[in-house]
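Labels run A, B, C and D following the written order; every chain starts at residue 1.
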Amino acid sequence: MEEIEVRELKKVKLENPVMIEGLPGVGNVGKLVAEHLIQELNAEKIVEIYSWHFPPQVLVNNDGTVRLCKNEVFAWKSKTKQQDLLIVSGDEQSVTNEGHYFITETLLDLAQKYKVSRIFTLGGYGIGQLVEKQSVLGAANEIRLVEEMKKYGVEFREEEPGGSIVGASGLLLGLGRLRGIPAMCLLGLTSGYLVDPKSAQAVLKVLCQALNLEIGMQALKDRAEEMEKVIERLKEMEKAQIPRHREEELGYIR
Amino acid sequence: MEEIEVRELKKVKLENPVMIEGLPGVGNVGKLVAEHLIQELNAEKIVEIYSWHFPPQVLVNNDGTVRLCKNEVFAWKSKTKQQDLLIVSGDEQSVTNEGHYFITETLLDLAQKYKVSRIFTLGGYGIGQLVEKQSVLGAANEIRLVEEMKKYGVEFREEEPGGSIVGASGLLLGLGRLRGIPAMCLLGLTSGYLVDPKSAQAVLKVLCQALNLEIGMQALKDRAEEMEKVIERLKEMEKAQIPRHREEELGYIR
Amino acid sequence: MEEIEVRELKKVKLENPVMIEGLPGVGNVGKLVAEHLIQELNAEKIVEIYSWHFPPQVLVNNDGTVRLCKNEVFAWKSKTKQQDLLIVSGDEQSVTNEGHYFITETLLDLAQKYKVSRIFTLGGYGIGQLVEKQSVLGAANEIRLVEEMKKYGVEFREEEPGGSIVGASGLLLGLGRLRGIPAMCLLGLTSGYLVDPKSAQAVLKVLCQALNLEIGMQALKDRAEEMEKVIERLKEMEKAQIPRHREEELGYIR
Amino acid sequence: MEEIEVRELKKVKLENPVMIEGLPGVGNVGKLVAEHLIQELNAEKIVEIYSWHFPPQVLVNNDGTVRLCKNEVFAWKSKTKQQDLLIVSGDEQSVTNEGHYFITETLLDLAQKYKVSRIFTLGGYGIGQLVEKQSVLGAANEIRLVEEMKKYGVEFREEEPGGSIVGASGLLLGLGRLRGIPAMCLLGLTSGYLVDPKSAQAVLKVLCQALNLEIGMQALKDRAEEMEKVIERLKEMEKAQIPRHREEELGYIR
């Protein structure tokens, strides 16, 4: 295996494509949105990316088979004259410092190969407590994109998203800028303790508006309801003063 | 020394060999089985693998001499018309992320050189408490192997082995799949706190069935009995309410 | 992107330049001084340095745009016959061990290209408690520079700065010595818990004396006053015996 | 700077040299012995080794000048017909995994260049409590060396030195064996909490016997007496039941 191995499974021709990245991260918000899109649009996998910068492990599927950690790129061809999509998701992000840079460069190579007009990166912004009011924070690598995103209800707060955006969601903007590719990041507010399909819904809404797409939300809603029940139980436990260590029991529930 | 240095000690001709990997890991289950096989079969060492991805240390033998950390491959030629064996064991696994990938690729190179028909990787699956009922969980890189292993009593649980298999036992399946080598993993349930020869016995039984091999178990049984005594003492201490920190005294007893 | 990518934005001709390095570090003392100099002198950015040894993230500007972590070099041409300046600052230092060496070598390449006569590196020396009396400790890569710096009130204590100077501020001296470039380090005493503009003032004063420069201090004074208020509040809280964990609330206030 | 930069300061011709390695480690025992030898024998520095695998910092000398972290090799020519010496000491060991291997290989290259007949590596063996009775444990890369060392009172215990010898002291034996260079390790029993000149004396005694050397011990004795006073104070504090955390106050006193 090479340091980064790009396996092209299928050649497709895309018109005016937009790249959407949703890799694992805080609250798994980005990945939830990307996977939801892939399923709802029935997007087709065209690329697998393997790398020794991913964790040295395999993941076990429900049928007992395994898969190597990888990133994947899916293509979707719009039936109307809208833009086509390249959706990036995957099992893991790099576990080494330089791997983050290399894998992002690989994604940008693909973006350039398919001549994407812009990139949306998706993630969560952890605030350390349960979110009362959903909202989506933004960042972009061109000031005109900031202005555009405000129209879709994206918030820009001077002190947030707290200085830095880590991993592919950030580097696609930073390294994309060096290549002249417009890119913006949508971060759903989330506690940071739980997988957050509700935050994913909020991000998806903004994305659909920006892309003028219509996507069914039911699957995310169902998952959000399940999580609501988990949260209710946690709150009751808290009220009942059942002694517990936050790390232990609230942990990171998937 | 090269990044990975393969020292071939002896050339052997093997018929229809199967590779069995048992490197150090949870409960040391895999290594116990591999070393037991090597001893019982009187297998012959044919390869030593050195690497700067192993810990920067030497191990001290009982006679005061030292050895570099390494992995080793042993060969065993069956006297009947059964398959021959290539058994992989060693002192340590890689301590770097990429080293896990490189060393697994090296093992797969050997597997291909000797034209192995399949690979069994062995390990433990830590459940964080003493195991009441021994069982062996499985995973494989082809669905037909999953079906085959069920016949030998291997369990496949939808939620377990908990998402991922770390290290050579996992990567041999994942990277093996990319090369088209059938591979399966046997994980003995174990507490995760103690070296577990009892779990090793359970794994060995499944392996012997799958390979149609007969192997004496006495050495593992003896070691398991010793460990039982240790566990009994720990349980009594717990009953007697002797205050202790789990990490300190239960620790990781070898 | 290359391992270290030096983007030359502008070619300048400098006379007898001195290099001043102030990258992030203890109390952010060095960076505060370097940024103050850049602003007061209206120095011009001539070089950007990107590297995958910086953290894999982007930083969010107040206007919602982002920037990659980088180091930067600014040039200032003196109007009198004094020496010109090359001022090094940036968002981050390397997060890998070898990256510290590589980036320092890159800075030394620039120093040699511009034929700098000497290098001043700036930083903080954390003493673990609030500083009662400001002072500036020194170190140098030639004994004659030690003597010279004593004239500017720089202190040399046998037991301090406690053995080692970590990062670019140290390596520019050590690696500079191998290239024969005179270099000295100014370390302002600081608590180590807070960004310390007061310590930065002390360092700047010494630097101005050594370079025979006149620089307005007001901006640093204003910021120091703000910090004084923060410290006063912390002291009151301490007196009032409000229970708190030092890490949590005193933390590292920026 | 190259990954490992060997600066040869002086060419010497040595007769039948023995290499002695004493780099920083547990109780600093090895380094204390090596530095004591260098001083007592007035050995001459012939090689400096720089590497980006050392910590990214400079060390400050008492006169205010700095030095890069490095390893050094000193030569001593015996006036009698005894063997000459190559003594290895230094500021630090590698901080990366592979660096330990590379630097050891560099030392072995030197050993071969000077045709050393054998290598002694020196270190401490931390037992986690104050040492009641000094003793020196051994390990070697040939069984005949084990036998030889027993004659000098070196102890070989089946369960100790506890499995592994980390760093250059271990790897010189392990990698040396691959090159056919006889090498043995002397480990002085030490608490592991304090620099231990008393343990260093015990190691030096064995070494002198093995090399048929006579070395004054006064400097080590003086330093050991100073440490005794520190230990006495610590014991009194313990008796007086002054509450303290071991890590905090016993720490690692130099």
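A few notes on this one:
Here, a residue touches a chain if its C-beta (ideal position, glycine included) is under 8 Å from a C-beta of that chain, and two chains touch if they have at least 3 such contacts.
As the structure is a prediction and not an experimental result, all values here were calculated from the model.
Looking at subunit A and subunit C, not one chain touches each of them. Where subunit A touches subunit B, under half of the residue numbers in use are shared by the two copies, so each contributes mostly different positions. A centroid comparison over C-alpha atoms places C as the chain most distant from subunit B. Distance from the subunit A centre to the subunit B centre is 37 Å, each centre being the mean of its Cα atoms. Note on chain placement: the centre of subunit A and the centre of subunit D lie 52 Å apart, centres being C-alpha means. Of all residues in subunit D, none touches two or more other chains.
A ring topology is adopted by the chain contact network, closed into one cycle in which each chain touches exactly two others. Remark: subunit D residues 1, 50, 52-53, 55-60, 62-69, 95-96 touch subunit C in the complex. The touching residues of subunit A, when paired with subunit C in their complex, are 94, 97-98, 100-102, 105, 138-143, 146, 156, 158, 160-167, 170-171, 173-175, 177-178, 185.
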